[in-house]
Amino acid sequence: MEFSWRSRVYWEDTDGGGVVYYANYLKFMERARTEWLRALGHSQQELAEQFGFVFAVVEVQVNYRRPARLDDEIVISCVPVPEGRASIRFRQVITRSDGAGGDTTLAEGEVRVACVDAKSFRPRPLPDFVKVSHGK
Amino acid sequence: MEFSWRSRVYWEDTDGGGVVYYANYLKFMERARTEWLRALGHSQQELAEQFGFVFAVVEVQVNYRRPARLDDEIVISCVPVPEGRASIRFRQVITRSDGAGGDTTLAEGEVRVACVDAKSFRPRPLPDFVKVSHGK
Amino acid sequence: MEFSWRSRVYWEDTDGGGVVYYANYLKFMERARTEWLRALGHSQQELAEQFGFVFAVVEVQVNYRRPARLDDEIVISCVPVPEGRASIRFRQVITRSDGAGGDTTLAEGEVRVACVDAKSFRPRPLPDFVKVSHGK
Amino acid sequence: MEFSWRSRVYWEDTDGGGVVYYANYLKFMERARTEWLRALGHSQQELAEQFGFVFAVVEVQVNYRRPARLDDEIVISCVPVPEGRASIRFRQVITRSDGAGGDTTLAEGEVRVACVDAKSFRPRPLPDFVKVSHGK
């Protein structure tokens, strides 16, 4: 059930401390969630236009373990777990190869997204393909 | 006709080189244009919702003179000049006090925005308040 | 002990959903922490250069209550609470006036920052001015 | 001599207008320049640490032709042309497949970067590998 996505750290992601700015880890996490969805055959654009709903983040929790740096190639994993009828909790970990066959954890956390109407922002039941992908 | 807006440099604006990331100067320039509009009594949200048009950037040119750094308080000026029936060229300068009564120019450039329909993105004539503010 | 800072939502902060992008709330929270520090007479630049330490975020938790939108004027509060010898936990709330004398909570959360050496990123005891500001 | 790099548009890149925020095209352009350098066998981190210089942007000019949208897969090209002893002018084009075998130009422009000392920010002669890659 784990999906992972590879990404690169560019100047745009770093800050004056020489490491990735703390808010930007959330961008990397979102890329992995978007690509997980795409791997299931769906784009967020299409979900909004054809089905009238979007995934809205309602809660985020992140622990920063080691700084990611310019030029790092990082891997962002996500494990989606349906929670209730209208939301998904993603467990997400960002790692970097340690150059010796292992991985160094840079950040890990959880992101809960709610399935909401694209206009009213009211909750809507999760689409079936999410539940199916979770083996239910 | 010159309008200026004060802003502060935060960590989010800097990159690993210890200075403001080059794309972020465009954010500061946009803040000044938005505040110029607000000073005329209009918000972009309102223009889009009530009048159905937005200002879309069609051309940007920036010269970077000196780096802006963390904690700098900068001043962004804009001088709007209508160009044709449906666009405005903003001349914009970003400065920082040199601590001796003068200003250091950090960046300067021009941003041309077109007045376009919020949905079709087709050109629309500039609203009157822009021409009026320019004394025409 | 509560400090608060006012900020404006610009185009740069929004995403295609028409609301502030979820990672950008962390930028607003960081601005308030930086201004809290400045109100105590210190800049982060100075702390790094003169004292050799920086504040590194080690943990973030945010609940998103209502979306912030373009042109919103928001207020970001922070209540710093020292935790252990080398870190501070900031409780932070982002609100918007509801236009009727009250405030709407848009997001709230906690950010734990560690005081670390600017080069080695190893933990360092909190400076006295933080403890003093907390009345200890 | 043309180098190109493929990238994807995520929520983080869009703004409330439903298209990519104008400053973010500069991020995509910078990714292509960084990958061009990497294709030559060099990283910016390494250049800064081992050789003590960085590439600083001194001038940007961009024409925005068509908006890039969420989920678009875009291609960013760069053609580096040495200019003087200490700078490179990159001609850059961002395109998207039109789905019929052709490409739609979304933005095009030029970015001039100077080779500067990583600490003093003073100009330094371009490294040989840049001239060599340009066939001189």
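For reference, chains read A, B, C and D in written order, and residue numbers begin at 1 within each chain.
Note that contacts are C-beta pairs under 8 Å (C-beta built on N, C-alpha and C of every residue); 3 or more make two chains touch, one makes a residue touch a chain.
Only a predicted model underlies this, so the values are computations on that prediction, with no experimental measurement involved.
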{"item": "Pair joined by the larger number of C-beta contacts - A-B, B-C", "value": "B-C"}
{"item": "Per Cα centroids, the chain farthest from subunit B", "value": "A"}
{"item": "Rounded Å distance between subunit A and subunit B, as computed from the means of their C-alpha atoms", "value": "33"}
{"item": "Distance between the centres, which are taken as Cα means, of subunit C and subunit A, whole angstrom", "value": "23"}
{"item": "Between subunit C and subunit B, distance of the C-alpha-averaged centres to the nearest whole Å", "value": "26"}
{"item": "Sites on subunit D at which at least two other chains make contact", "value": "11-12, 17, 23, 27, 30, 69-70"}
{"item": "In the complex with subunit B, residue positions of subunit A that touch it", "value": "11-12, 14-19, 21, 23, 69-70"}
{"item": "Complex contact set, residues of subunit C against subunit B", "value": "8, 10-12, 27, 30-31, 34, 38, 43-45, 69-71"}
{"item": "Subunit A-facing residues of subunit C, complex", "value": "17, 22-24, 26-27, 30, 48, 54, 56-64, 67, 109, 118, 121"}
